[in-house]
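Letters A, B and C mark the chains as written, and numbering starts fresh at 1 in each.
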Amino acid sequence: MRAVRHIALNVFRESIRDRVPYNLVLFAVLLIGSSFLLAQLTAGQDVKIIKDLSLAAASIFGLFIAIFIGIGLVSKEVERRSIYSLLAKPISRPQFIAGKYAGLVLTLAVNVAVMTVAMYAVLGYLTWIESPDFKASWEAPGPDPALLKAMFLIFIELMLVTALALFFSTFSSPLLSAALTFGLYVAGNFNTELRNFEHVVDSPAAAWGARVLYHVLPDLSAFDVKTQVVHGFPVAAGYLWSTAAYGAAYIAALLLAAMYIFSRRDFK
Amino acid sequence: MIKVLAACGCLAAAVTLQVWRDGAFPRRHPDIARLLYVRSPAAVGRLALGFDALAADLYWIRAIQHYGGDRLNRDQPRRYELLYPLLDLTTSLDPYFNIAYRFGAIFLSEAYPGGPGRPDHAVALLRKGISAQPRKWQYYHDIAFVHYWSLRDPVTAAGWFRRGAEQPDAPNWLMPVAAAMLTQGSDRVSARFLWHQIRDADQPWLRGRAQHALRQLDALDDIDHLDAIVASQPRPAEEPFSWSWLVRLRALRVVPVDPAGAPYELDPATGRVTVAKASPLFPLPQLMVPIR
Amino acid sequence: MFPAILIEDLTKDYPVGFWRRRHYRALDRLSLSIEAGEVFGFLGPNGAGKTTTLKLLMQLIFPTSGRAEILGRPIGHVDARRRIGYLPENPYFYDYLTAEELLTYFAQLLDVPTAARRKRVAGLLDRVGIGRERRFQLRKFSKGMIQRVGIAQALLNEPDVLFLDEPMSGLDPLGRRDVRSLILELRDQGRTVFFSSHILADAEALCGRVAVVAGGRLAAEGRLSELAEFTARGWELVVANLAPEALERLRPLATRVTEIGTGRYTLELPLTQAPERIIPEIASTGATVVSMNPVRETLEDFFIQRITEAGTGARGAMAEGEHARR
């Protein structure tokens, strides 16, 4: 357990020294810059747009971190052979995988937390300067606590994407892993369409195929409650926890598979 | 090996959770699924970053799914309220998306519950098509058709048919149709002819729609016929009107069924014949009621 | 007592070819036994299978067949790794860490107690000659400096058994001398050192016993002095300021005399002429002895001789390996 923690902290240190800070600065600049621009342009709807923008940006920026760092985690170590001296230490390969994963999840958590704080800061400021007439037209309060629900599910989704990236990188090249992860990310987000296939296609075979894909592919569209939250619709607590539990089970499956593959691998 | 089994177990757990959640919290909550994130075609065009045609395809698929989903969904009220925005987005991203215009013409104007019953939207969409491709006679034809079939306005319809006939490549039957409109606005013969034209078009899903309309026209003919039979018999004394009464009089051999296979209904009080509410043909188009 | 390292019939086939999977036998039934406290040289030309053997022992790759034990436990046992150190061939670490951070990180993984950690890290960096640079990120390190850091990290847990893959490569002469003295120091502390090299001189300076591999097969094993191929054939003496009459007196003793410059000569002496006797004689003529070296077969000569004298030798093993399947 201690080994897992040390590996995780080292991943965190690497990502902090690497790309993540730029990512956060870019996010903040984008958010603050656009909020000032929008305040000039739109009538009262700028708060909605800021919410849309921050949730979308948190998800996309997180996606980049999850895919690019997630793939580098293992493949870079193998490619540069730094793993040789590491695995000669008393740590097992599953511990190595677990540590790498935990480290990137920690990085993502910090990332999402900072983005959330930035979002609430900008929203709070906009609410403060806005006139009461404008506020009357809002569907949801400015710094709405419900946004945390969306951020929470975005975070779980990013954890899942990281697990995907890690899984692929245990047996394929970085480029292929990136392509596969991104492909599954897109496919997973079209999952609801797959489910609706049943209502539009006549062929039972096609409907059945779509159904199987719906269950086997990561159901990423379930993690997207951005629209509901921004428009002030309720999101049930049961929905949140069952989706989170779904994510956890899927992640566990991916990590176990990754550990299995990685434990049998030759490092050449 | 244990890891593989454990991984499979976890995946099974994930699927179980997914199925449970989909049951407990249906994701297509009508209020939520119906929010289109960005509704402005201009904004979508900008967001598509040069992949406009691809984005158009995606919106087209969503339009079909939206329409198909609402049509087949028997539990919740069907509203089709995204059909027009989706088609509008599709055709803005790709102004030459012919099927989207024609699809819109037929299905936007279809009366509720088969469609949203918005012939005005259908005409707006087709006008957009004409501004993109002014020589496309099909668009004029479709506008005329909407005016004739849904808006019950044969005079305007005739005008559009004539404009269509003026386009290069227009088929030579458009002009006679325009003339027929003006002389016999309520004629089922014209309607049949036009639906036959649509049925023979190369779009299979349009063919289904035309088949349906042709059956409705047949049902209207049947009803005229049955009304005549009812009127020709002496009115029963105490008894209400019923099919068994007519069968007993040997005016009919069996209870008549409409072209979709559902029995016609005979109003016990007035003796008027209609299609059953449960029939797929219900409601019959209002068009054929004499206008003048 | 069990041997520190026991290798039995260790074999490794690498799959080669993308479409048609064939196997290339990089290591063929290697068996070795290394006692505790020994400095063991694992010699062989490039591509002999040295790195393959070390990677197998570290479980970085898995053997096709055969087995090995370290400190009496089958390899792969996580606990056994607490007591070993490993320097990979051409090591590479993390660019974004400083030398100090890298060693601290590895020390944590090795469960070095917090109290001892800082002192041990600093001490090892001093020992391998990394000075102020320890605060630099490793991306700014030269190959030789990385090699030194690699040696330091292998020593973090004060290992009982040390595996060094080409420890001298990339080092300057000073560095080589340092590593030699370090290995001898470790031997004096009773640790077992297993190192690979393709340079015979390294082995001569350090090893009790050596094994020579070629083409994935064990070619020779034993004490260097006992390996007939490596015993000296004579001496080579370089002298300066040698007067002509003194040269004439020495000429009958030498098998060959070559003039390098004015008054400078290389004398080749047979083994029978003990240098202890000749050198005072030379000194008495007023000449100076510049250098004296034993003349012996080099590792390269040894391989060439081995390979040519036996067609079934190393080459044969390679050809056979190429057709081998699992």
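For this structure, a couple of remarks:
The definition used in the following text is that contacts are C-beta pairs under 8 Å (C-beta built on N, C-alpha and C of every residue); 3 or more make two chains touch, one makes a residue touch a chain.
The model shown is predicted, which means the values in this text are computed figures rather than measured ones.
Taken as a graph of touching chains, this assembly is arranged as a line, each chain contacting the next along an open chain of partners. Once CA atoms are averaged chain by chain and compared with the all-protein CA average, the nearest chain turns out to be A.
Note: centroid distance chain A to chain C, computed from Cα atoms, is 49 Å. Between the Cα centres of chain B and chain C there is a gap of 85 Å.
One inter-chain figure worth recording: chain A and chain B are separated by 42 Å, centre to centre, where each centre is the mean of the chain's CA atoms.
Chain B makes touch with chain A in their complex at residues 3-4, 6-11, 13-15, 17-22, 24-25, 27-29, 31-32, 35, 37, 61-62, 64-65, 68-69, 72-73.
In the complex of the two chains, the chain C residues touching chain A come out as 14, 55, 58-62, 78-79, 81-82, 84-88, 90-94, 96-97, 101, 105-106, 108-111, 150, 153-154, 163. Those residues of chain A whose C-beta lies close enough to touch chain C in the complex are 2-3, 6-7, 10, 13-14, 17-18, 80-92, 264, 266-268. Only residues 52, 94, 192-193, 195-196, 199-200, 215-216, 219, 221-222, 227-228, 231, 233, 236, 238-239, 242-243, 245-246, 249-250, 252-254, 256-257, 259-260, 263 of chain A touch chain B when the two sit together in their complex.
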